[in-house]
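Each of the next two complexes has subunit A plus one other chain: subunit B in the first, subunit C in the second.
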Partner chain A sequence: MNFINEGLVASFAMLVIVLAEILIALFIARGGTHVPKIRKIAGLEAIEEAVGRATEMGRPITYTTGLGGIRDQYYYQTVAGLNILGHTAELAAKYGAKLLYFPYDPTIMPMAHEVMEQGYIRAGKQEAFNPENIIYLGGDQFPWAFGVLGTTYREQSAANIHMGPFWAESLILAEAGFYTGAIQVMGTANYHQIHFFVVASDYALIGEELMAAGAYLSKDPTQIGSLWGADFSKLTAIAIMLIGVILTAANVTALNDFLAL
Partner chain B sequence: MIPPNIGQLPPELDLFAAIFGVFATIFIYSFLWKENPLSRAVEHLFVGLAAVFTLAFMYDAALSQAVWGTNRLAEGNFIWIIPILLSLMYFFFFSKKYFFLYRYPVSIVAGVMAGMMICGMIQSNFLAQIQATVELPLVGAGVWEGWPPAGLNSIIMIIGIITALTFFFFTWEHTGALGISTRIGRYFLMATFGSAYGGTVMARMSLFIGRLRFLYETSYQDWFWAWYLVPIAAIIVILVALWDRSKG
Partner chain C sequence: MSLVVKRYIPLAITFIMGFIMVIATYFLAPGTPARDATALLTATVDVLVVTAGAIGLVALLRHHLMNINKRGRFWQYSTITIIAVIIYLIIGLYGVATHEQRYMYASELFSWVYSNIYVHMDMTIFSLLAFFIASAAYRAFRLRSLEASVLLIVGSLMLLGRAPIGGVIWEGFPAIAEWLLTVPNAAGNRAITIGIAIGAISLAIRQLLGVERGYLGPER
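Up next, the complex of A and B:
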């Protein structure tokens, strides 16, 4: 039996390097030897401002996690969106604001329910949690988007928060916030939609900033360690690129040959 | 199983489909003027249909994947009982006593997906990007000829990729040399977003044009009914909106 899949050797080597960097950084941070500080992410800081504004205006907050679920390749963005949902729920409970959440994939409804309830529990207001504020609007892109648009308009949301994977509905959602004059905080790692969020929202989380939210909000050393390890993997990528560019310019193809393995 | 021709109306209902399609389109677009009872009605209809469709599609997909498909449960392959039982465990969400059991399928699905995706992610989002950068032409015949020379584009791209990557360092202070790099990276990101925005807006316009073409070209037995229906639908929207306003 051949255990080596040609064409994936370099991928495997990279996977081992990246995992090693993340695990080492994670264990160092968890052990308390060094827990790095995370740089300020304006989009996440703005959530409290958005919740506060909604509370002052006596109007609700609209929240979605995009079109992803936990069964697709975008699940990591959905999970990041749910992390921020928990934080938003905690803030909403603390200030007494109404939080409306619109799941797209029915399988994340129970997760969202639990995440929101935990947020209310952390704020010491479990009794204020209302499961009916999790509103299922069908699992089809444009009906869902139109449902969010209509509900946002009727409820006159004062804060519009969208975190997760988005596609062509992103501007429709931004338009909903524009109609109601809501403060808009949006984030996605879908590179084909980031520009819409940058243009249409007050604060945008760009790409990996969304995934950093879990560590940023929880201040959990394990999660911060994982983020630190991911920084090292990016540094590794930069180093390989620079070495590769210099070698290629010198007509040495050893690195290119290895990457193609 | 859901019949393969589901969603296709019989020819005798073409007229109904044309009328319904035109009215639904106008009622939905009337939201751009103002939210009104007709746009709300179509919105609810749209959402309801999507919910029913998702339910039917998932039920059908689950049965055809695990029960009725080739070499599945119905043909004696009992290993498929495991995913079926795991799926059914989702319903423990509704039980106070056995609530914890619902977490197992969620954890398993999330774990399996993480394991399955990480290899593909390393290949497409990490290795392929490094490979493409390393292979950018910097030397060789014709690389520095013409305007703009391919070599100059390569240098701009290398600087853009590296500085944009440094923008996503989260655990190191963006000060000193790293601060300069992240600032340059931010400019590259903004230029990319601007260019992508222009391109995608055009694509969105084509979606709208597609809907206009539907109105323009919808016919029934060579009669272009949509032409007559659009003004009727528009008048109905105005009347209903005025009625809604008169109610206060």
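Up next, the complex of A and C:
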């Protein structure tokens, strides 16, 4: 009798290994034995520059978290986008810039409200928070994207920040920022849209950089420890691939057989 | 609102639900009553979604009503939006109210409006994407740096390899395009995918353990 569902044995084994590596690194960092250093992520550092530029020009900042909601498999990207929204809101409050946020899915509106308000509270300017700057334009891909495009153009946004899951609307949003001369900071983990962001924006967060944003911005050793653990997981993945190449070249199918379990 | 309600209960729900989902995926066989029970649990999210839909509708109407009230920029379009939303809502509700299968029914008129008006407008704005791609490609393919030059060469080879005329000019173009797609592109793509997968697990662990909780709002 199998305890683990058929076809998921290797997946479960990998999950346990990755989980163990991340948890060990997380607890080591929390204990203070070793707090890893994290490299600078240019896209996240550039947000302050973008907010500062918008403040100087007296024009707003446009922010979206893509097409994600709370019920889909891309939720983790939306949450990462919301973490960066909180940081952007704090900077906007600190400098006195106007931040316009466009949720795609109404399920994230209450969370976005809380996150933005938290940013204004951290900056000591709760009274400056205006819930009307969270603008819902509808929950369908292209009407929403062109609503954001139109508003970006009409308001002449000086900074265009998009962090989350994006599909075919990514270039529409990027071009809107280009036409208003905005500084553009964008990030997604949808690999089929990363190249659009790399080409069309000033700074792009590629894949896992987006997920690391919350830990990076918090400067919390425990969270940074989990990123350190994820690096060990990547080394494990590379080691398994190398072993797989060697075993396959030697005509040994043991690893392939295990992965098929 | 107390910290228990605003912070600890959501964190407990997040941890318990995440734990249940892992157990269900790996240890409960599909089709068993226990697995079906967990599927039912996830369906409760729909209740939240319906409620949020109402919030979205109110937010949309409020935004456009305020724009009309203030005589903001292009307030006339806000009027059209509100009229369209109300008419479509009435058509939908009327269809539901007058049919036996009330909960999962789109009336003929509702479907007609969707297929013959909405879809065409949606496709019209979607088609504008072609022009955005052209203008972005023009900027991206300018020879400004070594990276941009590589992008230009690779992009040109891909175009020639994928367009029928490329194979007519030289039969090697399709093979080069195929190699670019399946070897260097696939290698880079898989590296990014592995990084994303591990990054997502790391983020999920931080959230399930309550280490990363910025999305929950102010701690007060």
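Note that in this section the second predicted complex is superposed on the first by the 259 of 261 C-alpha atoms of A that agree within 3 Å, B and C clash if a C-alpha of one lies under 4 Å from a C-alpha of the other, contacts with A are read in each partner's own complex, and residues count from 1 in each chain.
Just so it is clear, contacts are C-beta pairs under 8 Å (C-beta built on N, C-alpha and C of every residue); 3 or more make two chains touch, one makes a residue touch a chain.
Please read all numbers here as calculations on a predicted model, not as lab measurements.
In the superposition on chain A, A:M57 makes contact with neither subunit B nor subunit C.
Legend: residue contacts after superposition of the two complexes on their common chain; A:R39 is shown touching subunit B, with no touch to subunit C.
Contacts of A:A174 after superposition on the shared chain: subunit C is touched, whereas subunit B is not. Applying the stated contact rule after C-alpha superposition, one finds that A:N5 touches subunit C and leaves subunit B untouched.
Of the two partner chains, subunit C is the only one that A:S218 touches; subunit B does not reach it. In the superposed pair of complexes, A:A128 makes contact with neither subunit B nor subunit C.
After overlaying the two complexes on the shared chain, residue contacts for A:A80 are found with subunit C alone; subunit B is out of touch. When the two complexes are overlaid on their common chain A, residue A:I24 makes contact with neither subunit B nor subunit C.
The contact surfaces that subunit B and subunit C form on subunit A in the two complexes overlap at residues 8, 11, 15, 18, 70-71, 76, 79, 106-107, 110-111, 136-140, 142-143, 146, 154, 168, 171, 191, 194, 196, 199, 206-208, 212, 215, 227, 230, 233-234, 237.
Of all residues in subunit A, those touching subunit C in their complex are 3-5, 8, 11-12, 15, 18-19, 22-23, 26, 69-71, 76, 79-80, 82-83, 86, 105-107, 109-111, 114-115, 117-118, 121, 132, 134-140, 142-143, 145-146, 154, 168, 171-172, 174-175, 178, 189, 191, 194, 196, 199-200, 206-208, 210-212, 214-215, 218, 220, 222-223, 226-227, 229-230, 233-234, 237. Only residues 8, 10-11, 14-15, 18, 36-39, 41, 70-73, 75-76, 79, 106-107, 110-111, 113, 136-140, 142-144, 146-147, 149-150, 153-154, 168, 171, 191-192, 194-196, 198-199, 206-209, 212, 215-216, 224, 227-228, 230-231, 233-235, 237-238, 240-242, 244-245, 247-249, 251, 255-256, 259-260 of subunit A touch subunit B when the two sit together in their complex. Against subunit A, in their complex, subunit B makes its touches with residues 28, 31, 35, 39-40, 43, 46-51, 53-54, 58, 90, 93, 102, 106, 109-110, 113-114, 117-120, 122-123, 126-127, 129-131, 133-136, 138-139, 158, 161-162, 165-166, 168-174, 189-190, 192-194, 196-197, 200, 204, 207.
Against subunit A, in their complex, subunit C makes its touches with residues 22, 25-30, 45-46, 48-49, 52-53, 55-56, 59-60, 63, 66, 73-74, 122, 125-126, 128-129, 132-133, 135-136, 139-140, 151, 189, 192-196, 198-207, 209, 211-212, 214-218, 220.
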